[in-house]
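In what follows, a single structure is set out as structure tokens and then discussed.
To keep things simple, chains are lettered A, B, C and D as they appear, and every chain counts its residues starting from 1.
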Amino acid sequence: MPAPERRFVITFGCPDRTGIVARIASFLADAGGWIVEAAYHTDPDRGWFFTRQEVRADSLPFGVDELRARFGDIARELGAVTDWRVTDTGERRRVVILVSKESHCLYDLLGRVASGELDVDVSAVIGNHAGLADITKAHGIPFHHVPFPTADPEGRQAAFAQLRQLVDRHDPHAVVLARFMQVLPPELCADWAGRALNIHHSFLPSFVGARPYHQAHRRGVKLVGATCHYVTADLDAGPIIEQDVIRVSHGDSIGDMVRKGRDIEKVVLARGLRWHLEDRVLVHGNQTVIF
Amino acid sequence: MPAPERRFVITFGCPDRTGIVARIASFLADAGGWIVEAAYHTDPDRGWFFTRQEVRADSLPFGVDELRARFGDIARELGAVTDWRVTDTGERRRVVILVSKESHCLYDLLGRVASGELDVDVSAVIGNHAGLADITKAHGIPFHHVPFPTADPEGRQAAFAQLRQLVDRHDPHAVVLARFMQVLPPELCADWAGRALNIHHSFLPSFVGARPYHQAHRRGVKLVGATCHYVTADLDAGPIIEQDVIRVSHGDSIGDMVRKGRDIEKVVLARGLRWHLEDRVLVHGNQTVIF
Amino acid sequence: MPAPERRFVITFGCPDRTGIVARIASFLADAGGWIVEAAYHTDPDRGWFFTRQEVRADSLPFGVDELRARFGDIARELGAVTDWRVTDTGERRRVVILVSKESHCLYDLLGRVASGELDVDVSAVIGNHAGLADITKAHGIPFHHVPFPTADPEGRQAAFAQLRQLVDRHDPHAVVLARFMQVLPPELCADWAGRALNIHHSFLPSFVGARPYHQAHRRGVKLVGATCHYVTADLDAGPIIEQDVIRVSHGDSIGDMVRKGRDIEKVVLARGLRWHLEDRVLVHGNQTVIF
Amino acid sequence: MPAPERRFVITFGCPDRTGIVARIASFLADAGGWIVEAAYHTDPDRGWFFTRQEVRADSLPFGVDELRARFGDIARELGAVTDWRVTDTGERRRVVILVSKESHCLYDLLGRVASGELDVDVSAVIGNHAGLADITKAHGIPFHHVPFPTADPEGRQAAFAQLRQLVDRHDPHAVVLARFMQVLPPELCADWAGRALNIHHSFLPSFVGARPYHQAHRRGVKLVGATCHYVTADLDAGPIIEQDVIRVSHGDSIGDMVRKGRDIEKVVLARGLRWHLEDRVLVHGNQTVIF
């Protein structure tokens, strides 16, 4: 695979008004910027404007820091309350993956990384069980085993402290809860806000919490699903990035549902992570815009 | 379209044990019955056996009443607690449709009936608004307008009594709530149990109750759906017959979700109704087996 | 339903270069234009740039003719070879529908028009059989019966001439072949280029031509589909606007496939027509960009 | 995961007539067989009857060889031309996987095997490139590198001979062409008939042969797909086991289509392989019945 062309990515949100597109486009055009991809969205209910622009790095006469500085001026000009970011696809994304016993999401992500489809550094995999150490190490990735004792509040607190340290040392662009099964404490949710992605094994808001396939089987639904969302202190209630479903029938046992659901969990998590790392997800309130 | 071959349909459920298939199959074989379609299912959790058999009517030396009598003996032989039915596709199905203002489900059903795809008699359409009278009458079907006064309990009770009378005079195989928008009182749910089908405009159990698309928009889901279920006294909680979903995005307003959702409501209701009328839906507890 | 806000829609395509977005956005911003929706796409293989902009009509100090004149200047400035259009959502769209015996697509479109979901004038329905006259007239729409004699070239030529006259008198924005089943002669394809939409009852390019469900059944496929495309002189080979599929199984007869496929044909045609009438479909070569 | 209950699986096909179900069911009932799953299908066009029965091994007073012998008598009794098989889920399935450079299908299968979801022995992986040796060996599975020289007929013939030897020594239940990219010679197709499964990266019959995503991109389709089918001497034309699709848009480059398509290839192959190994696929002519 040839190295993809280096690009700068601008994401920007502000209260809607006329002239925003013109201002940003003129700024980029004046600097010679070659826009490779551009997307706009206006939320009329909230009166909020969103945009994402991808510019060829080599079309600009300056680097990402200068672009950031100059775009900051534009942003300030466009409003007092804005939400923006300028990133460089040349900076390699770092990802830390949290796992438990279930291997399918980890396997899937490692496969995508190994093939080059997902072009990131997996800095570490951290498990509250040790079972996925071997496959992790076979990919040359460090694995840390951090047990979370079930009925020992202090022990759990210590485990979360260790987890935080193991994650934060990499300053990752994404902390992926790949069926991690431990509820993060509020302060970790806050610190990793907008960077921690969870895959929940149901079509939210159906079947929040534990054993969603059991809940689904009991309710007799005809489709099961999975949801990739940002982690917030409110369990399974963070902004949704991606969802998908698969058909089940009366012939499917809970075990069959679990098996079929896994295939959905894998792709939903992989899509959500890709979009997150490509700065395609803009969060506003509890909703996401996916460009 | 040639008239479909006349068939007798047997549905049967009982506690699972060995020899049930053999007993039923031998009974049919001994009588010369040509089985056109046969389906079996065992629910290991509940220890319950389900089957549905379609037999060519002209392959048996007797009619449906005699088949019902003889199969009754088999059923009694197979257990004290059984749940069975023998029906004749030669008996034309009667359907009563309840509507409000939204036309899409009614239009869809009328189109299927007019083309012969859904080979039933629509005995009547009953609306709590009069807007769908014209399209109903254009199909030669009686339309009854029964207003349901919002804040008048006695008036509502009288309206439900009138509704019941208008429905029951046709002794319909199905009472279809095609976006009817009125919650049936418990006694009607009981009397029409297993015959009243509702289309709910969400993927249940997500977004029970009123304005599900508004709820979905607020939660920021990436798919919206629809659910066809039997009506029970517990709102939107009856046995699910069919569900489906369609993708939405941040670009979709509530109005867009409503519009996209309609296409799902129509097909989900049409599928559910077809299966119900073909005796393909076996209810056990709050779950359905769809053969 | 409240009347939707009146908008002007600009679609534009030209060889890609820097500064296009800025030029168009500045032009609109300088005129005070409030952009409600904006989409961009660059096809790197063909080096072609596409955009579609929706502007609130009441935000501009002039009307659609003046906008068209002024935007024409911009377009000429941006290149010698461009492809653009400026339309006014205030101008009601006119549609002529061509049918044969199959009713499902016509029914579906009439239902959408009757409910206001599809806010267009159906100027006429023209059938090579008369069977759909009643349902058409029940909606207050003129129906014309133009028989196409099978083995009579001159008779067919006369029929096509009559068809053309009946269509062209309305100068429709869309000529919809809603399972019309007659192959249009090349000169009609040319005259109606970019306005004639067909629904083909297969997932193209699989099963071109006659009886695609029979072909699909013979091949043993596990999904059947439908394709909405612009009509060109090359049978079933025009630019694809929309496609979708539905699952089938060994248990489905050809008749079942036909029935299931209809539900896909209806929605695929309805989506394609909506996008066409909203100027969301930009054709380039044999491909479409759907904004 | 607890070891699944051991079962005997009977598949049977013959010209349709009355009494087949009764004969088989009575035979099993008389022997005390506990039928866990039973499925029937009649193809009215071909007048062919199909069934699959799963019986609890511990419910029968004899083993699989005796069952096979006894069922053979029943089969002969039921017709001169029958097609049947009796297998034992207690016999571990052996699979040989053929690969080239693309890793996604192999990774996916190895992950399913490692987690126990796919409870089989992967006897060997054989690649015409060596790139997937490491991940194979990390799972404790032998990897053989057999290069196929492109423009050297004799060299290729020798390579196929070596391939055959490496495969046949394991007498595998399935030979999986997991994006193998080499066309098998007719004699290998014949020898492995009904055991060699291919994943083709298009929705067949669209885009037979090389570079289907390039073909799909050129045609401008709105969905891309994948097809798992039995390998026959006729390229990409064997009986289809499973297919699925994923939506693409004008915004997707060929590279994006390849990436999205991979997720479909993986699940379609995994489903097809599972059904094959569970004896759920009955082939008749060029079609499959999936029980």
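In this section, a residue touches a chain if its C-beta (ideal position, glycine included) is under 8 Å from a C-beta of that chain, and two chains touch if they have at least 3 such contacts.
What you are looking at is a predicted structure, and each value in this text was computed from that prediction instead of being measured.
**Q** Call it same or different for chain C and chain D: same when shared residue numbers make up over half of all numbers used at their interface.
**A** Mostly same residues: over half of the interface numbers shared.
**Q** Which chain pair shares more contacting C-beta pairs: B-C, or A-C?
**A** Most C-beta pairs in contact, of the two: A-C.
**Q** Quick check: how many Å separate the C-alpha centres of chain C and chain D?
**A** Centre-to-centre distance between chain C and chain D: 41 Å.
**Q** Counting in whole Å, what is the centre-to-centre distance of chain A and chain C, each centre being its mean C-alpha position?
**A** Centre separation, chain A to chain C: 37 Å.
**Q** What parts of chain C, by residue number, touch at least two of the other chains?
**A** None at all.
**Q** Quick one: in the complex, what on chain D touches chain C?
**A** The contact residues of chain D facing chain C are 41, 43-45, 203-207, 219-223, 225, 239-240, 242-245, 249-251, 253, 286-290.
**Q** What residues of chain A sit close enough to touch chain C in their complex?
**A** 18-19, 21-23, 25-26, 28-30, 32-40, 42, 59, 247
**Q** If you look only at chain B, which of its residues touch chain C in the complex?
**A** Per the stated touch rule, the residues are 102-104, 107-108, 110-111, 114-115, 117, 135, 138, 259, 262-263, 267, 270.
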